[in-house]
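Below, subunit A partners subunit B and then partners subunit C, in two separate complexes.
And then the complex of A and B:
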């Protein structure tokens, strides 16, 4: 007994140095790892389990149903296909519009013009505005007989009843969301633009390249890592849109703006089917994962100077 | 091992004590009572708070806390809270959610508490009013508000447009939906104001209060959303005629606030709306003359539609104070409690309903109107349509009804789609 204690004491003394380093390292990452386990992995595992159950939020009743939720989703749910289509349409409308606008704004806002700071502030202001206030104001502006349509009427255009006509409602929420968030992407682009040495552009000018050619052949390629990053963030962000939809349209009219996250909320908290909502949430998780992996794979080909 | 033994011994000591403590009636209890009126709403200040204060004075160990949850988020908030650690103990439930909550088993059966006390006089509640809240002998809630939906009109605008007011028309049996449509159009043409907005300014399925307009219309034409045995009848000929009238008011006459726009009656910009008695407090500062009348009638005759809210005690998995909650529910709904509540909420207790005090109880409404408009509607009325899957029916059905609110919608086809969509939820 005594002997083994002495022995183990010796061993641990020997290991102390390397162990101390390792322990120190673990201690530093522990908060992050614990947080991840508790707040990300735990709920994720719970959602996976919930998705195989028929759970009712109101009654608390739980029955195991295996893959029934997924079968219902793919075969019998009258809204799933529509909701998936809406989610794709929202992202497909939002991402190019957001990126193009952010890039153009970044190029304009990095020009050395007096008073440019005012414009930079103006375009960034919506980012720090509360989404609730933003949505309420835009819902007001998009009324059938007031707001934007009053301005359109001045130039002889009879505007649609934006939020009550299915196609226009999608356009309206995309527009409100882009204007809300474009400032952040603009800021990232501006930071990246300022890192591009001016010499390249100057040299190209001397060789006779015009502005468009300089943007196309110098700025865009050197900016491509940033564009990829912003694309990824914006695309995944667009899959997660909820608050604006909830506040502007409630997913309507006729489900025209009912996107996946809103639909998850509808199933979980309005008709209390938490099991089915969990299955939907896993689909969303899968979609975001696939997109992320796909982007990492293609970035090598598309991004300049990427190995 | 020693530690484990000590732990087990400790647990053995503490657990029975804890059980004993819970059973003791003079242990401190905090009851959280939820409703969807703001804490500074006159009904909360003048009625609920004084009743709670009186109850707390009688039961010093009980603390009552009122908790405000907005109407639009009410059910989902309650459902979420019931599954958490601090569930509400008692509160209001609106008629359309009653069956869903009963079906989920989260409402406490109050029959024992209420029926065992003769002084409470349970039999005093009108049987038709109790329909939604009883299953066989079980009692899951007491409808403290049995409030008919009534016509509220802006007399100033009617005078300006040179029209007879709805109360006058009603006395002659001429206050019909056709008359409402025609008056709304004249008001719009003559004054430039809005002719009609729906119950609580809602018509287009965004707030959950739209049925207060649509159900009275359907019933005036002899139809409804669905029958008690779960057949959708919104596609019937009568329903199509009724909804076509409304559709024409919105898109042909353009006398109704259009979809996507927001107008409230209380500001004086609207000729006619529907609402319940408790909403009249919105008119305290009105700068126009107003009046009330029964709901418009239709081919199926006179119609009275009642919106109910009940006081319930919750019985979710995490509720602990059921007995105390049931006792407070009982206290609120005794003859005296209902008598106080009747200032804002028309009662389902016959002794209160038929008392001269009730007819004189509302400072905003004359005794004559209380008799002819409110009491008469309660006597003849039927409650708004409901179902145990109503939340689902409402939200899934909105998909079709949303399509109705566009100028070129085909009413019959849209209502047919509605019935197809909600059929699975109706039968579940």
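And then the complex of A and C:
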């Protein structure tokens, strides 16, 4: 840009100089592009090849088996359907809970009351905390005879042994994950809320709309492009849950919280079937790809709502 | 993101303000209580940790848990590992992403938009997808149990690519006049980048730095599969290590170690709150 505009007077110099500039461009992006080819694209191609092989991480044995891993996955793997179901259940529980809570928090945290900044600090604190630390504390809180249950007992409620009962374990990990990350979505919603002109809401208020009606008919429709974006980000994020599961339940009890990434880890690094685990990893890749494409399609349809 | 509390003069009705506070306080319990419980329990004796009724503060403050943290594992070493790895990742990411981000925003070279699109398409890919071949190659190179992969990987995979995107966006938003003038004054491309563009990009570099440091500090899966030597562990791995011979957690020690790993980050967050929150806003809303 700079080069062509400034140099247009001197044709003879222009060519050599803009060539030099272009070379500088390649030099500037070279490390990042090389890194990408070696550490992202290369491994992506490799994982596709691995997925057609029977590989053992310990012995190093490799045999080509074509699509056998996928056949095994769909027909014979006793865990795959369960894992897929768990992953869907986790996302289906997490995404609506996360978005609803984020929206409520964003509406509350943009209220002009004194000291609101303190609350903003509090609700965002789990986002910067490491998931491992967060999971350690929540596993501690979700024990049978301590933590949350000892407080529930004070008011006469006999709490379940959260992480040892299949359904409660799923509820517990979803809850811990939502509280951990909801601050991020809250932040995005807060930024979007502040871009909505106050006039709409004020006008509706004058016309007698109550708070709920204003949120339902003004705020949410105006936020819809943001909600869409947050929905997709949260959905992809929920597919990747691992740290929390590993630390809180180890996929248990009885595989009740065994989700896709945990299962990939288990197959690859605990029973060393890296070929089969690669096929599973490609399922994860496919899911993320489908969600991303869906987001593009939906956003293109929403485009003139955005501008 | 600057959140301005204007319209205070509208002065909400008292009941409404009270209702807002009540809702906020109620909702903040699951956000705040874990931190409280983590810190206070780390100072309790084993029996008090499981005492009924639960105690909000330790009856007597016990410091043994903290002593044990350092006896049971090379915790100082592990702390240092996390710190220096995150620092190296941050420095590398700042360097490479600002170079690439600047070039994509300012320099005309054939194929630049294609290369950028190629990088961008990788943002959606979960890093877990490629962990198996990466592990394989790292093992072939004899680099398991080394920190080198943990430093190099984030620079060029997901977090690094996000950083390129953020810096590019920021450079695109800067006016070009200053750079044009510098060019006329005979500054080379490198000079323009280094002496004009980079200083102007300070806010985004701070944001990228904060996000990158935190991402590395909290990284779990990669160190989990790559490191097996306790002295090489990073903090998230170390926290898992406080167990008895049967694999059951030593709660007091584990919570003390967790407290030690969380508190410095929280302290920095409280002091640099605006910057930290802005960094996330940069990546979230402008991404």
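Here is the rule we use: the second predicted complex is superposed on the first by the 261 of 307 C-alpha atoms of A that agree within 3 Å, B and C clash if a C-alpha of one lies under 4 Å from a C-alpha of the other, contacts with A are read in each partner's own complex, and residues count from 1 in each chain.
One rule holds in what follows: contacts are C-beta pairs under 8 Å (C-beta built on N, C-alpha and C of every residue); 3 or more make two chains touch, one makes a residue touch a chain.
A quick note: this is a predicted structure, and the numbers were derived from the prediction, not measured.
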(request) In the overlay, answer first, second, both or neither for which of subunit B and subunit C A:146 touches. (result) both
(request) Decide which partner touches more residues of subunit A, taking subunit B and subunit C as the two options. (result) C
(request) Scan A:255 for contacts with subunit B and subunit C and give back first, second, both or neither. (result) first
(request) Could you tell me if A:58 is touching subunit B, subunit C, both of them or neither one (first, second, both, neither)? (result) first
(request) Kindly classify A:138 by the partners it touches after superposition: subunit B alone (first), subunit C alone (second), both, or neither? (result) second
(message) Quick check on the superposed pair: does A:75 touch subunit B, subunit C, both, or neither? Answer first, second, both or neither.
(response) neither
(message) Which partner chains sit in contact with A:272 here, subunit B, subunit C, both or neither? Use first/second/both/neither.
(response) first
(message) Touch test for A:120: subunit B only (first), subunit C only (second), both, or neither?
(response) second
(request) For subunit A, give the residues common to its interface with subunit B and its interface with subunit C. (result) 57, 145-146, 269
(message) Give the list of subunit A residues in touch with subunit C in this complex.
(response) 1-6, 18, 20-26, 28-29, 31-36, 38-44, 46-47, 50, 57, 101, 104-105, 108-114, 116-117, 119-134, 136-141, 145-147, 150-151, 153-154, 175, 179, 183-184, 187-188, 190-192, 194, 198, 233, 236, 239-240, 242-243, 246-247, 261, 264-265, 268-269, 274, 277-278, 281-282, 284-285, 288-289, 291-292
(request) Could you pull out which subunit C residues touch subunit A in their complex? (result) 1, 3-8, 10, 12, 17, 20-21, 23-24, 27-28, 30-35, 37-38, 41, 49-50, 52-54, 96-97, 99-100, 102-104, 106-110, 112, 115, 118-119, 122, 124-126, 128-137, 152-153, 155-157, 160-161, 164, 176, 179-180, 183-184, 189-190, 192-193, 214, 217-218, 220-221, 224-225, 235-236, 239-240, 249, 251, 254-255, 258, 261-262, 265-266, 269-270, 273, 276-277, 280-281, 284-285
(message) Give the list of subunit A residues in touch with subunit B in this complex.
(response) 56-61, 78-79, 142-146, 161-165, 250, 252-255, 266, 269-272
(request) Sort out for me which residues of subunit B touch subunit A in the complex. (result) 75-76, 79-80, 82-83, 100-101, 103-106, 204-206, 258-262, 316-317, 391-392, 395-396, 398-400, 402-403, 405-406, 421
